[in-house]
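Got some structures for you, see below.
Shared between the two complexes below is chain A, which pairs with chain B and chain C, respectively.
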Partner chain A sequence: MTVAAEGSPPFRLAGSRRSPLLQSEAVQGFALISPTFVYALILLVLPILVVIAHSFWTQNYLTIDHTFTLENYRIALTEPIYRDLLWRSLYISLTVSLLTVALAYPIAYFISFHGGRHKSLWLFLITIPFWTSYLLRVMSWKVILGYNGVLNSGLMGLGVIDEPSTALLYNSSAVIITLTHAWATFAILPIFVSLEKVDRTLVEAATDLGDGPLRSFLRVTLPLSAPGVISAALIVMIPTVGDYVTPKLVGGKDGVMIANAIQAQFGKASNWPLGAALSVTTMIIVSLMAGATVLVIRALQRLAR
Partner chain B sequence: MLERVQSERVQADRTMIEIRDVTRSYGSFKALDNASLSIREGEFFSLLGPSGCGKTTLLRMIAGFDTPTSGSIAVDGQPMDGIPANRRPTNMVFQSYAIFPHLNVEQNVAYGLKRLKLEAGEEKRRVEEALAQVSLTGLGKRRATELSGGQRQRVALARALVMRPKVLLLDEPLSALDKKLREQMQVELRRLQQAVGITFVLVTHDQYEALAMSDRIAVMFGGRIAQVASPKEIYQRPVNRQVADFLGGMNFVKAEIVEENGASLVLDTLGFGRVRTDKPKAFVRNGGAATLGIRPERLRVLWDNATAKFEVAGKVVERHYFGEITHLIVEIPGLEKPLSVTETNDFGADDIPVGAPIRLAYDPEALVAMAD
Partner chain C sequence: MTAIRRFLPGWLSTYAVLYLLFLYLPVIFLPIFSINTAATPKFPLSGVTLHWYEDLPRTPALIDATWNSLIVGISASILSTVLGILAARSITRYRYPGRRTINGLIMAPLVLPEVIVAISMLLVMLQLGLSLSLFTVVLGHVLVCIPYSMTVLTSGFEGFDRSLEEASADLGETAFGTFRRVTLPMVAPAIISSLLVCFTISLDEFIIAFFLTGTEATLPIYIWGQLRFAAKLPGVLALGTLLLFASFVLMTIAEILRRRAARRTQNEGGLYA
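This part shows the complex of A and B:
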């Protein structure tokens, strides 16, 4: 009772004889996050440092030559094959994130504004695809898009096409379709959260000031949900650049992405330094692209006013 | 004499809002039950009542955010059925103010003008005029997040006024402000309304706010309109105990109807004896019993040997000090409940000892008869 009245947490009293350093809030905070922090340090920061270090070395058959060199970066940036792969990866991830956000927004909007009492049911339904493994979901797209697949048979049955189209599977479009589907949930959730935070009275105020439904959406709801759109775009864009399972399974030779090349360098080609240089280059470019995306969306948001 | 000013204010007798037999049901619950009301042009009209009495529902139906289950609403002679909120000649000041957080003050105020496609100079002029009306000149570039509660309220006002609506609807606009600022804003709102001459409809649960600002007040309980009258009449001649109780304190005394005719009533009471009072307009007799009411401030303490034509005698049982006034609870022989008396402290009411005998003077004019 007295402790509560003094407004200080009880453990402060118990620890009053300890050194002031241990009592400081910063130290207590660090102590709380330390397990996660150490974990992240060992499994995230160290590997990245190893990769960065390798990117400046040279593979010498079975050994690594530790002399500093920028040769790997020269290859990564000038070899046409890597440049093309990098461009294609960026193109695919950008397209996928745009498509995903465009498709996810209406769903999130519907759940948030018209979900009524069933909001959690809708969200639950959206997570159902995650009950199966990612690989199975990618494989099922193979079944849909394949030569004798669902889509081809369907279109032939309807008489739209005479023979199965080979344009559906084993190219970058197939990768885009598959990735868009796979990442939809990750885009719906952040957009939903930011739409939930939009004060409905603001929409009413816009209506009161003369805006019809479309105008109030464009002038109030959309700009206010921009944070959700930004995080959705980034959440989809960043991992898809480095995706290598999907292109491997549905991409064919036209759908190969930079991650497949990196994997090859670390695997069959056994040139870790080049693989590392490609990884670091990709990381830097993805960061730049993510930053640019944020800036573009912010600019659009300002234009909407 | 001063109190006449309010009632003598020139009032165009043209109806601005006509609410006819409006009911709003949610399942079996009636948020608004067969309400009819007519609000005049240029009037400061208040909808007063406790929470859940249907006042906000009514306001939202005038604005177009809600539709009556039955009945009709007309604004300026034009029926509002089927007209969406964005096409109505009304604008609203929301309780939360609903300031667009992504826009600055100027952009907030200009929000509704953008659609009108005014010339750039005209739009700027109107925004500045509106900001000046609410004393926000020079704050146009402030971000919405950098405003105080009072400033947000002014922005909301300017944003609505700049549209030059026929009716300005205010949904508890002062409830989020602290007491001092609220009282200051009451005066300012009233002044602003008289300056612009627009019909204001205010929703509030604060009786003093309604009394201080309005030309007329509609008191509502449980989805029904109990009384529509000027603040003075509502306060002095409440139609029933509920209204009387909601607007300040009131002593209720059981009475017996002895005689009833067109204009007056004669009542027998235990504490006040036989009393003749004006018959209220809405008085509907319910058997032989009635209630007589008197406001605590209409009972005056009689000092020393002073006498009055009408007086009651009793004993002080409680005393509460409120700074400029003292609140006395006085037991009168024959009354089942003691009387509340508020007396100014000019003559030492704060020094009257508890238990002391006391005599109270009253004016029979101050007695209100109410149906039981």
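This part shows the complex of A and C:
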């Protein structure tokens, strides 16, 4: 996604003859970006710092007690309800990211290696559903999986089942299916970009040296596209762990995730510090899981060579 | 071996078509059931009607939500495109230390859980004593739109031939004159594309609006409220279909414009890079 950040020439240090000019270039560039930068500082960095601060405080009815405490984190990590929600959220986001990447890879491969003239048409077709409202896409899964839904009425019409199945909606599988659908595009694009960067002559060389199509794919193409697989996995894993809409609409009682608990703390339960501690804990744990995923993919990449 | 080689693309293209079906099928059910006479979405359809669409303009709450969405969408798209232009221009035109870090920070909302972004902003706004309104929703939407705006705009600005600007400056144009008469016409398609992308995102965005709005609802919030009532489902499906259609048209125009911008500056990539 960061097109522009790649390939910047090394910054020349002051002291060279053009230094005043370069310095003014740096100043100009920084001045130009500063409104956007300041906006992100005020509405992203500052809020996150405020959340972290709150997580060490205590709610006292309507006021907040500012004495430092780790009590919120003790609750977040040891209370069975939050521990279960956290585990379930991590399990769902890990499953969804593995599934999305596995399903997306062949598509990205197909477009990159066999897309031919229609590459951009394929990419366009794949991005379009992603631009439709997330809420609406989740809602359509509710329509499909519901008790009186498309799948049940269809299966009954075909005579596969006699009465509507209740196993389709309101559980974590429904959440996993919906999220896998919702995040598909996010996984295809990074994998596609890294496949585009794979030097085709290397694949030819492997074939010339006697590797079959499968071996050359496993030993050349797949390891070389690992960066795309990594960013696809992360780009799906981190946001899905905190998904709110999907568990609320299709998750039912068994599909509730940590974001629903966080929201409750900021809404009905009105315990901001606990909500803050739950958010911070979720972010830290999902970052650890993301880090572990990167290490595993890198290790597999080394093994494959 | 040649058999496998011949078989593979065939197998892959079948998979690709199935995958497209998986992507589109759920979305297609919304329009299908929005013209169904029965209130429950199941097959076979009991009859075709436009009744649910005719009811939409007669719902005052829906009209209010539409106005709110338009106000928020237009404000958010203009603000985020202006901030996006500044940042994209700075990133593609200048080299300075800390450039990648700043870029990373600006792009971060793209990969953070939205709920966490939303509640953090909510906390700060309440602490600052801002009362929740459409204005706070706009502030939130701008933050999540900037990364998309940046992606569209950098693909329009990248590869932009700097010598054109230099020539203009050598011929005596001021910096502003060069920007207005040389740079701007070159990047106009990318700017319009960014406006459309940001408007669409804001129009469809739910979580941030849900947390940051006061009493005024945007369209997704209105839909969310209606979802509690099973009898209201067909109306929601009809509204959803109209929203899907709007997003589809806006994004198609945006993509065509973005490609035109990228071609003008002889650059490929963009949203996909």
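Simple rule for what comes next: the second predicted complex is superposed on the first by the 275 of 305 C-alpha atoms of A that agree within 3 Å, B and C clash if a C-alpha of one lies under 4 Å from a C-alpha of the other, contacts with A are read in each partner's own complex, and residues count from 1 in each chain.
Operating definition for what follows: a residue touches a chain if its C-beta (ideal position, glycine included) is under 8 Å from a C-beta of that chain, and two chains touch if they have at least 3 such contacts.
Only a predicted model underlies this, so the values are computations on that prediction, with no experimental measurement involved.
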| item | value |
| --- | --- |
| Clash or fit, chain B versus chain C on superposed chain A | fit |
| First, second, both or neither for A:G252, with chain B first and chain C second | neither |
| First (chain B), second (chain C), both or neither touched by A:D208 | first |
| Cα-centre angle that chain B and chain C span when viewed from chain A, reported as a multiple of 10 degrees | 90 |
| Partner chain(s) touched by A:Q301 [first = chain B, second = chain C, both, neither] | first |
| First (chain B), second (chain C), both or neither touched by A:P227 | neither |
| Contact breadth on chain A, by residue count: chain C or chain B | C |
| Which of chain B and chain C A:D199 touches, first, second, both or neither | first |
| Gap in Å between nearest CA atoms once chain C and chain B share a frame through chain A | 6 |
| Doubly contacted residues of chain A, that is, touched by chain B and again by chain C | 212 |
| Interface residues, chain A side, partner chain B - complex | 199, 201-202, 204-212, 215, 219-220, 223-224, 301, 305 |
| Touching residues (chain side chain C, partner chain A) in the complex | 1, 4-5, 8-9, 12-13, 15-16, 19-20, 22-24, 26-27, 29-30, 33, 40-44, 83-84, 86-100, 102-117, 119-124, 127, 139-140, 142-143, 146-147, 151, 154-155, 157-158, 200, 203-204, 206-207, 211, 220, 223-224, 227, 236-237, 240, 243-244, 247-248, 251-252, 255, 259, 269-273 |
| Residues on chain B engaged by chain A in the complex (per definition of touch) | 63, 65, 84-87, 90-92, 94, 96, 98, 100-103, 107, 111-112, 115-116, 159-160, 163 |
| Touching residues (chain side chain A, partner chain C) in the complex | 1-5, 8-9, 11, 25-30, 32-33, 35-37, 39-41, 43-48, 50-51, 54, 103, 106-107, 109-111, 114, 120, 122-129, 131-137, 139-141, 143-144, 146, 148-150, 152-154, 157, 181, 184-185, 189, 192-193, 212-214, 234-235, 238-245, 249, 259, 262-263, 266, 272, 275-276, 279, 282-283 |
